[in-house]
Amino acid sequence: MLRVNQVWVKRGAAVALQDISLSLEPGRTLAVVGESGAGKSTLIAAILGLLRPSHGEITWAGAPVRACRPALVMQEPRSAFNPVLSLRRSVMEPIVASGGTIPADRLCHLCDGLELPPDILDRRPTEVSIGQAQRVGILRALVASAPLVLFDEPLSALDAVTQKHTARLISDLQCEEGFAALIVTHDLGYAAAHGDEIAVLKSGRIEEIATPEQFVLTPKPGYCEQLRDAALALGALEAAA
Amino acid sequence: MTLSVSGLSAVRSGRTILHPTSLVIAPGARIGLVGLSGSGKSTLGHALIDDLRAQGRSVAHVPQSPDEALDPLRSMAFHWQEAEHALGLTPGSADQRGLFAALNIEGGDLSKRPWSWSRGMQQRFVIAMALIGTPDLIVLDEPTSALDPVVAAATMDLLDRHLDGRETAMMLITHDLGLAARRVFQLMVMHDGQLVEQAPTDDILLRPQTRAAQALVAHRNWMALPC
Amino acid sequence: MIMGLLGFVLRAAVVLSGTAALTFALLWNAPGDPAQAIAMARFDALLTEDVIDQVRAEAGLDISFWPAFTSWLVPLLSLDFGNSAVTGRPVWPDLVTAMSYTFPLALASLAVGLAVSLPLAVLAAKRPGSLVDRCAVAVASLGVAIPAYWLGLLLILLFAVKLAWLPAMGARTAAHAILPALTLGLGVTASFTRIIRSGILEARGQPFLPAIRRRGVSDRAIGRDHVAPHAAIPVVTVFGLELAFLLEGLVLVEVIFGRPGLGTFLVQAILARDFPHVQAVVVLTALIFVTVNLLIDGIYRVIEPRIGERDA
């Protein structure tokens, strides 16, 4: 399991993350929400070991997170791929590098579930739409069967219907394979619908960690409440009568 | 005065991306133009703006992100004056103070360039600029998707409040029916470059007629929570 | 800001002292006997060993490298370039005279380059891929390929020899500067055109332009207020680099057209092994480079203040 224990991260003189503690079991989903600049992407970088905490530690099953080969869905769909390689090369690269192979039917099955045309992997990043690029990014992260998958705004370039289908596919696969998912998103509807827990991040601190029900019905007064109200006002959450 | 356009269409590299479309927009209307990616929403929005302009009507446009509306090398004051000038107004004649108060950006330093304002403030500035000269129609293309939720909700509320009781009609272009349903009274559903359905918001939510509308309605929320 | 300026001064000091040291070492270790070369330049005749030894002592060449280097470097710090090894006169007045010929020529060449390349680039960028555009690109590529010494000779043949419209040699009147300025100016035109053209094309792809056009702003105003400033950023960068090309071309052009100036001054100094003269030109050139880069840095900060903020 993922354990983030009292982690502080400094970026230059500024403190990007303060005293962050959270844990995530296999098969579970943690949604991290918060405004831009709250430290969401910094948290992902710290978990991946790209930033070294100035204090505290981050482990997966007691070992450094890198040892479990976590997968990442990057925020910018197009820049997540090498523009001169075919998408297939980009998708296969991490698996080939670790000496593994992927059964062809797994790739087909995932392409199908993500509503991607079968020939899409033979194209280059610039030859697909941004929404398709984003879903190929998800494909790349899921195909390797990593025990921990980090999603950084995975649905931002998709329309409302495709968002829901894609989120469903990720959840179904998670039920089958039992990976732990950490999802950074600014869409509270997505966080509430697919997170087992929601962590609200503000100015590098965790404001609250709550279940979706707690978050929606009885949010902590202040920022969490504002967030919930905004989600209602934007139609991301619907309060049934 | 009622706005009407007819026979709007668009062809790009030999493919029809917008089939001939006609629209009527009443003064003060709140319209949501909804559809999936690639359904031709933005294309219709642009064609609508160009056509109304050609008719001599004043139409303002707010793109998705402030990066698509503001030149990073130019100050906010420059953008404002440029917009006034483009409308044929003398500099300083627009009710800047009133619009800034309406959108809650009075604190912004106009001598600064866009990037020293927060994104939410930038987007509100763009909306304020769009409202110079009280246009007949303001078209907002996914105006909240680049903003944080709290800022996005506040921005939409401020805009709603400002437009309330005014003649200016609003068209909200979005893929998100959940958002549109909260903000508009009338919906237009796009599918494959065609306007397939238009009706009052509640009618579409309760009785969507076409497959496209049904899909949007079925997927409009992540979850409905008990209250 | 103050830190930036301090950093700049430090970098400039490193560049200048590095250039000075390298030049001195190169000249010192060049093959041949410098004392003999100086003596030949001074007396213009074959000389006895005694005379050469005397020259060697006078020119400070009878000591080893390090003492010679320091005895040259220390006065340099107060911008004292010393005296010519050949004529014995102070370097500074001669250098100023040379500059008074070279700088106007450099400015005239830049003006010629801009006068030709700016309209050509704007015209070419108007419709990329059109015939005008392709011709402009072709002319520009040709311009890069033609060396200054060849273009200079062609111009002399045409305008001075065949048509006899313009003087070819010397620098007595302003008309004497026309052909050299054309030679150099056309040389830089090529790269100026290419960089301005691609700068404009890139600026035209900025994401906010469609919205500004939709706001009702005229194409003219968009070009002036939005495209031009964005296009200026890469153009300013390349102007700095082009200066190197210009200085290098100046040496050739002054020699071809028999003009006095820094180039001629430098060539004569090298042939005569006139150490103080050579070093003065080299240090001056480096100083010009450093100053121009400082200027360009300043211009950047005016156009795009974020460049300054990122440094901080």
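Here the chain labels run A, B and C in written order, and each chain numbers its own residues starting at 1.
Definition applied: a contact is a pair of C-beta atoms (placed from the backbone, for glycine too) under 8 Å apart; a residue touches a chain by one contact, two chains touch by 3 or more.
Source: prediction; values computed, not measured.
Shared contact partners of subunit B and subunit C do not exist in this assembly. Chains joined by the most contact pairs: A-B.
If each chain is reduced to the centroid of its CA atoms, subunit B and subunit C end up 54 Å from each other. Inter-chain centre distance (subunit A to subunit C, centres taken as mean C-alpha positions): 54 Å.
The geometric centre of subunit A is 30 Å away from that of subunit B, both derived from CA atoms. Contact residues of subunit A toward subunit B in the complex are 35-36, 129, 131, 156, 158-164, 186-190, 192-194, 213, 216-217, 223, 226-227, 229-231, 233-241.
Residue ranges on subunit C touching subunit B, taken from their complex, read 206-208, 210-212, 214-218, 221, 225-226, 229-230, 303-306.
Chain contact summary for the complex, subunit B toward subunit A: residues 36-38, 119, 144-145, 148-154, 156-157, 175-183, 215-216, 219-227. By the touch criterion stated above, subunit B contacts subunit C in their complex at residues 46, 49, 53, 60-61, 63, 67-74, 78, 82-83, 85-87, 113, 115, 129.
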